[in-house]
Amino acid sequence: MFHHVKELQFNARVSKPDPKFARLLLEQFGGGNGELKAAMQYFVQAFSARQPYPKLYDMLMDIATEEFSHLEIVGATITMLLGPINGELKQAFEDSGLKEMVTGGSASRDALIHQALMNPQFFVLSGGGPTVTDSNGNPWSGSFVNANGDPTVDLRSNIAAESRAKIVYEYLLQFTDDEYVQESLRFLMTREISHFQMFAAHLEQIQPNFPPGILQGDARFTHTYFNLSNGASARGPWNQGQGPWAGGEWTYVEDPISTVRESNGLTNFQQTAPISNEQMNEIGKKLGKQRYAEISKAVPKSTNQWSAYPQNELESPRKAS
Amino acid sequence: MFHHVKELQFNARVSKPDPKFARLLLEQFGGGNGELKAAMQYFVQAFSARQPYPKLYDMLMDIATEEFSHLEIVGATITMLLGPINGELKQAFEDSGLKEMVTGGSASRDALIHQALMNPQFFVLSGGGPTVTDSNGNPWSGSFVNANGDPTVDLRSNIAAESRAKIVYEYLLQFTDDEYVQESLRFLMTREISHFQMFAAHLEQIQPNFPPGILQGDARFTHTYFNLSNGASARGPWNQGQGPWAGGEWTYVEDPISTVRESNGLTNFQQTAPISNEQMNEIGKKLGKQRYAEISKAVPKSTNQWSAYPQNELESPRKAS
Amino acid sequence: MFHHVKELQFNARVSKPDPKFARLLLEQFGGGNGELKAAMQYFVQAFSARQPYPKLYDMLMDIATEEFSHLEIVGATITMLLGPINGELKQAFEDSGLKEMVTGGSASRDALIHQALMNPQFFVLSGGGPTVTDSNGNPWSGSFVNANGDPTVDLRSNIAAESRAKIVYEYLLQFTDDEYVQESLRFLMTREISHFQMFAAHLEQIQPNFPPGILQGDARFTHTYFNLSNGASARGPWNQGQGPWAGGEWTYVEDPISTVRESNGLTNFQQTAPISNEQMNEIGKKLGKQRYAEISKAVPKSTNQWSAYPQNELESPRKAS
Amino acid sequence: MFHHVKELQFNARVSKPDPKFARLLLEQFGGGNGELKAAMQYFVQAFSARQPYPKLYDMLMDIATEEFSHLEIVGATITMLLGPINGELKQAFEDSGLKEMVTGGSASRDALIHQALMNPQFFVLSGGGPTVTDSNGNPWSGSFVNANGDPTVDLRSNIAAESRAKIVYEYLLQFTDDEYVQESLRFLMTREISHFQMFAAHLEQIQPNFPPGILQGDARFTHTYFNLSNGASARGPWNQGQGPWAGGEWTYVEDPISTVRESNGLTNFQQTAPISNEQMNEIGKKLGKQRYAEISKAVPKSTNQWSAYPQNELESPRKAS
Amino acid sequence: MFHHVKELQFNARVSKPDPKFARLLLEQFGGGNGELKAAMQYFVQAFSARQPYPKLYDMLMDIATEEFSHLEIVGATITMLLGPINGELKQAFEDSGLKEMVTGGSASRDALIHQALMNPQFFVLSGGGPTVTDSNGNPWSGSFVNANGDPTVDLRSNIAAESRAKIVYEYLLQFTDDEYVQESLRFLMTREISHFQMFAAHLEQIQPNFPPGILQGDARFTHTYFNLSNGASARGPWNQGQGPWAGGEWTYVEDPISTVRESNGLTNFQQTAPISNEQMNEIGKKLGKQRYAEISKAVPKSTNQWSAYPQNELESPRKAS
Amino acid sequence: MFHHVKELQFNARVSKPDPKFARLLLEQFGGGNGELKAAMQYFVQAFSARQPYPKLYDMLMDIATEEFSHLEIVGATITMLLGPINGELKQAFEDSGLKEMVTGGSASRDALIHQALMNPQFFVLSGGGPTVTDSNGNPWSGSFVNANGDPTVDLRSNIAAESRAKIVYEYLLQFTDDEYVQESLRFLMTREISHFQMFAAHLEQIQPNFPPGILQGDARFTHTYFNLSNGASARGPWNQGQGPWAGGEWTYVEDPISTVRESNGLTNFQQTAPISNEQMNEIGKKLGKQRYAEISKAVPKSTNQWSAYPQNELESPRKAS
């Protein structure tokens, strides 16, 4: 269960309202790389980790909880940047103070509407609060969440998610002069870096962690590069010389169209590989057995219970009826 | 900020895996009337309430936090209902135990695939965990959240949201025989009833709370019913006799097409109303002033800060720089 | 079936084109709280009401039909606000008059594009007509419609929907000076108030109407408030003293974390309730029987027919083959 | 404005409930080629036609209104196919009759759930009514509507839309044995054919209607076919001999890659065309002037009004303030 | 398989950066009528054409491949229009040159943000590249693709799609003064015209091609027009006189409500038709047999193979195991 | 531009139709981790790489082109798995052979519909071809594409995308017995592994590549772990001892709530870091200058051209007008 603490994790402040920057900042509230996505991604991944991998569960829930706390910081900042809009909208019968807010007193209603059009929904829909959208008004989608039930995949999804969240904060920092806001953004950006390192460290201690999952590839194709574009072609460590694996080199297929034709659609493609498909299968089988054992030991096939009361162990009670 | 407690709010258990019911239960995980919707709706509404209405903020955050805790219960139940899928998928090289789970041992692979097709994404995408979707696989959308920056509107949105969540639990209860699962669903359903009553009680003490917002209607049209369909017409307290307001009765327009034609598109429509438009405007103006005063007093137009450290008051510090 | 009347229900006019306000007004055309949502919501709810509750059906279809008529008013107003765009776009070979429209004659092409960017789709997609989107360009979604097959739920969804539609018109009214447009918006806003009251009156005469649906809650949890946030906590009629029900008071759980731990995840939670679970179940059973009787009497299990020709009764013919 | 007639346009009946076919039929309720799409497409196109092209407006509104009437037929049929679900769900405390409906009396709860899983939302969300989705549960989207403010484009969009709706009814007819349902589907399918012909006839009388819009193409590229795939290539009236235009033949570019390289990215591409670019521009200019004149004459740039009361002419009053 | 050629099909150039027009141009990148929609539509249609109709397949793949090549031109143009944004964002520690780009050197940061708000995602999300969205930021959707497995339907969908793409380019051309950009747009617009003609020519040689699909309509309703709106009604070739078919005239139902009532919901509607339903059924049966024969001959029911190596025939190898 | 080669890159075959597995396989056609997502992601990333990083561009386009070729393999396989559906649907007047296909000859129509319901859109919408959706029928969305204009971010997004695609193929392989299909899936799965390694090798040679982007974090927070959940807590290389960076250790904040309160919302949080914020800023500035130089050298601020004709260099012509 969750508990809410009224203090924000970081002391979010704004120097003055700025509805324009509020719109940009929505990218981190309801956008595809924002805090809600991160929070939900780690929260959802945690479910299948709970019983087989309680240490991973603990880390995922710690970071998910922090991301929900960051979502709160972003929402609070947006709300403060929208400042008096909510109150001014109540002045429906008066000459609304919205004008003053926007332009310093002398603006026409046209200027007000112009401001509103930057993100009309702050004015005519949310009444001065955040919306669960990105900076272009697209609603957050459950499809943003990547959770595939395998730690060697999920942790890589998280490393990439943190990288994207980091660059979006980096870009955002260039669009506000408010030092208070910059301070909060810098804190949030830094935490993406630290989470990146936590996920990387956890992935590192799972061995083997490559390829992700269990099954090994077909040795004829794992180190083969198909040159599928014409003209001058770039060569580098991604398609020539030693690849990022033990033993063996990249195979560069200069003319894939001819190769495909001559090899009956690659079914007859021959390739000396540093390791045979039989050996690869052995590795996969062994790994499959090991992972299966870990998980099936922890997840009962009959009665199951999620928590002990109190929960003093990392492990779930796995009650067997 | 949030804090995570490893104990679920309710002791969720399952008697045995049941992937079919897991699919149905997704409706309350990532569906339009589910727990994530409720949690996010109250959480987002809380932002614009924070400074002007700190008591409302406290209630919204208490209930939002409980809904996140319910989301966790639903996700945990789905995961336990999916039971060994995650582990069996690691048996990629063996004769997978997935069959046994599904059918008790004698099933063909076809039966397994049939089971998978009920919700293929539990098998080929999430690897045995919940997806952020409804029971038909549609991703959760930020557009599910209703937050309009006015308590007399938002609280009514919440009453309706709780009503819908309640009926979905009521329907779900008819599709499982597992007593443990029924117990959890009954708890969750009951909490929707209790939240309904909290929102209703809070709305009741805001006076006046009708019409929602500030502006009063045009007295000629507030109590008028247009009979826009032919044939036998139903009459009842919604279109005849005393309406649900003080003084005056419903006006029933029997033949709206003629009325519209003869009144120049209703611009000349005459109607004796229990209260004049001038009086209604006075009510609106007075209410607008009052609400404006409440909000503008609480929301600074310059430097703003969300939390005090420690936060020992209900009120936000409203720091004026 | 429907019949179209060329006269708008209200005499919609505009004083001059105003593409900026046209964008804002889209919120009521294709937005989540707009006229299409309302029309479709009542129309869809009407299907399951048709046979068991023909009076409710009549009211829902009257109001749905009015909302389609309002959708037409909003679309007509948007089109008139976009004025000559459609024609000017045909001047593709000339020095288009679009400039003049936007700025009064002296503007650069840049000003024109600026105008266009406010909502580019009026210019490059719809050619000067409405789009089925909200003010940020998000397409209308079938998920906006709430229809759950139970009048005590659906009518509450409608009350909330009308509340949101009302506040959006209230906000919109502050962004146009055009008196003709204000007149139309005020009419439309007023009708939301009147529909609110129709739905409320209909709900009131369904007894009992609480809790929504049939099933009663668990008496231990219906009146219990969990204080899930730290620090200063607000107390009021929503969590202390007499609640909005007959007999008994709110139970306030000060420290839910300890309570959950000590009650084995609330399974042992004890609570004196004004009414026992057995009594509640009796109420639910009786109500279930009554509703089942009403519906099953009206809905044949074999051959069924929707309309009589002519349809002179409220009831559907319920032809039994 | 709209008026609702309680009689369905076609006498929709069902022989017995059939929830499975109800799911398939959703494709025509809330699917991308369904009745709501058609109704909304013609309704939205009608707005920009209203003033310049009142005859087109009349036809579009007649057909849009018929499509709303068809939507009602489809929704009524789905509701009747779902039969007693709504009532049975009220039997929450009893041994629900849902079983009997599904299987004829002997089925286990498992069979019931299986039925539910075909489209769980009929059971746990809509309570036995239609949802605004396609047959896979995807919500209807405003992006289904094609309306581009040009009759030579919009009418072609409508011809294609009717073609798709027709084929979907054709496919659906193969999945039901219920003669009543077949009868309704056949009526609806036939109306798609008739609408197709109305749109085609209307398009035919607009001259010139090709190319759609105003601007003519670059004569070097209008009749040129680029052979962008290898191996055996098909030749036919779409890329050789006389094309579907007056004078001149298709140019077939056998080896587009070389052609692009040698013509500096086609900027130097030479082509004898049956008509010069100058001539084409003249045609376009003349057509632009004509269409501009038609539209700008009908759409006032100042005060505008949509309807007269009563509306006895086809034309909108075009009130000039 | 595909091969990429580094030369663009058309020599896309820009005179200077113009982020505002870049936003408008997104409509053709990720919009509902844009290049990705066209490319994917023809590509997806090609799958079911591959075996029964290899000539159609060849044409669809040629044009799909060209549309992918156009998508590349549009994306390249957007990227060049966004010019130095990507680089300037790297100046995070400096006084960024973004200002200079936007305003020529003298602008305040406010002007920069204003520019950014036109489409914030170019600045804070994509870092200066295209997004897979339309001009309002809505993501491209798979539901844009119309592919129904019947050439007489699909080709009509394509004709309509090309018409819409053409008009969007026509509108876009009015919002840029950059002659290089105009040149590319004119090329792209012209190709929509040429594709329109290829699809029309291919459709023409399929006989019969009307009605789309196999089933013929009910002769009583194919030529009947229901006048579903009141007041002055337009008459023309779409509802009077000879219709666009051989023999017979339009039937105009002046008062559909009475007609429906009197004909028992049209079930008794009588109509002299130029051809009887029996004759129509014969046509349909014959056509169904023919199409079935064509397809079933080409698609094996057992082992199947897509390509020969090398593929020197138009036909797929249809390997029979 | 693209060129299409009629031979599939891999010789896709099926042993017999299997519509059920076709549904599952849709996950790799239009799903969030499927081939279209991969193809579009690398294709879109390539635009901003084109001018500053032509070697990266070459690699991205080679792999994007291969992913389009894989999309074709997946679509071809789905089509072959749907086998005779397209043809049988033409038998509308006969006793359709669909039955035989599904059940081997003896099945009732009910069995046929059951099959259809597995994915109704194969039957009633696509007519036997793929849809641009995932296995639950959700349409592909442009929001699946991650492209942020920074190679150190984009390459990590790609590594994660390949990981997810790999695991989905791994899961899919367990749901088909068809050896031909398994062969194709194994090839496709292997290519995800090889692409993973190409992206990793390319990322490795960009130095420094951490943190992603330019800006360095706040040294007080980069190595700090907040223990945001109660009870037993897991410790490991992700929150204790040496972290994955040079010098210094993880700081573990045992009680974040107290820490936040006492440090005024972390603004006074003190932390000895292995490197000072000033040093970090220096690193960032230097890196920003370098990246800015690379990009601004390659991207002209005035006239720009994408391709040379012929394009014999890796570099874009960068024509300065």
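Should a chain be cited, it is by its letter among A, B, C, D, E and F, assigned in written order, with residues numbered from 1 in that chain.
Please note the rule applied: contacts are C-beta pairs under 8 Å (C-beta built on N, C-alpha and C of every residue); 3 or more make two chains touch, one makes a residue touch a chain.
Small disclaimer: the values here were computed from a predicted structure and weren't measured.
Q: Could you run down the chains that neighbour chain E and chain F together?
A: A, D
Q: Match interface B-D to one of C-D, C-E or E-F, accepting only the pair for which over half of the contact pairs are the same residue numbers.
A: More than half of its contact pairs match B-D, so it is C-E.
Q: Between chain B and chain E, what is the separation of their C-alpha centroids in Å?
A: 38
Q: Using mean CA coordinates as chain centres, what's the chain B-chain F distance in Å?
A: Chain centroid spacing, chain B to chain F, equals 33 Å.
Q: In chain D, which residues are in touch with two or more of the other chains?
A: 1-9, 11-12, 33, 61-62, 65, 69, 89, 92, 125, 127, 133, 136-139, 141, 143, 148, 150, 167-168, 170, 173, 214-215, 228-232, 256-257, 260-261, 264-265, 307, 309-311
Q: Show me, using the given definition of touch, all chain pairs that touch one another.
A: A-B, A-C, A-E, A-F, B-C, B-D, B-F, C-D, C-E, D-E, D-F, E-F
Q: How about chain E: which of its residues touch chain C in the complex?
A: 20-21, 23-24, 27, 31, 33, 118, 134-138, 167-168, 170-175, 177, 228-232, 256-257, 260-265
Q: So in the complex, which bits of chain D are touching chain B?
A: Checking each residue of chain D against chain B gives 1-7, 89, 92, 96, 98, 109-110, 112-114, 116-117, 119-121, 123-125, 127, 133, 136-139, 307, 309-310.
Q: Can you list the chain B residues touching chain C in their complex?
A: Contact set of chain B toward chain C: 5, 7-12, 32-33, 54-56, 58-59, 61-62, 65-66, 69, 138, 141, 143-144, 146, 148, 150, 152-153, 156-157, 159-161, 163-164, 166-168, 170, 173, 183, 186-187, 189-191, 193-194, 196-202, 204-205, 210-215, 217-218, 221-229, 231-234, 236-239, 243-245, 256-257, 260-261, 264-267, 310-314.
Q: In their shared complex, at which residues does chain A touch chain B?
A: For this pair, the touching residues of chain A are 1-9, 11-17, 30, 36, 40, 43-45, 47-48, 50, 52, 61-62, 64-65, 68-69, 72, 75-76, 78-80, 83-84, 86-94, 97, 101, 125-133, 138-143, 145, 147-150, 180, 214-215, 281, 284-285, 288-289, 291-292, 295-296, 299-311, 319, 321.
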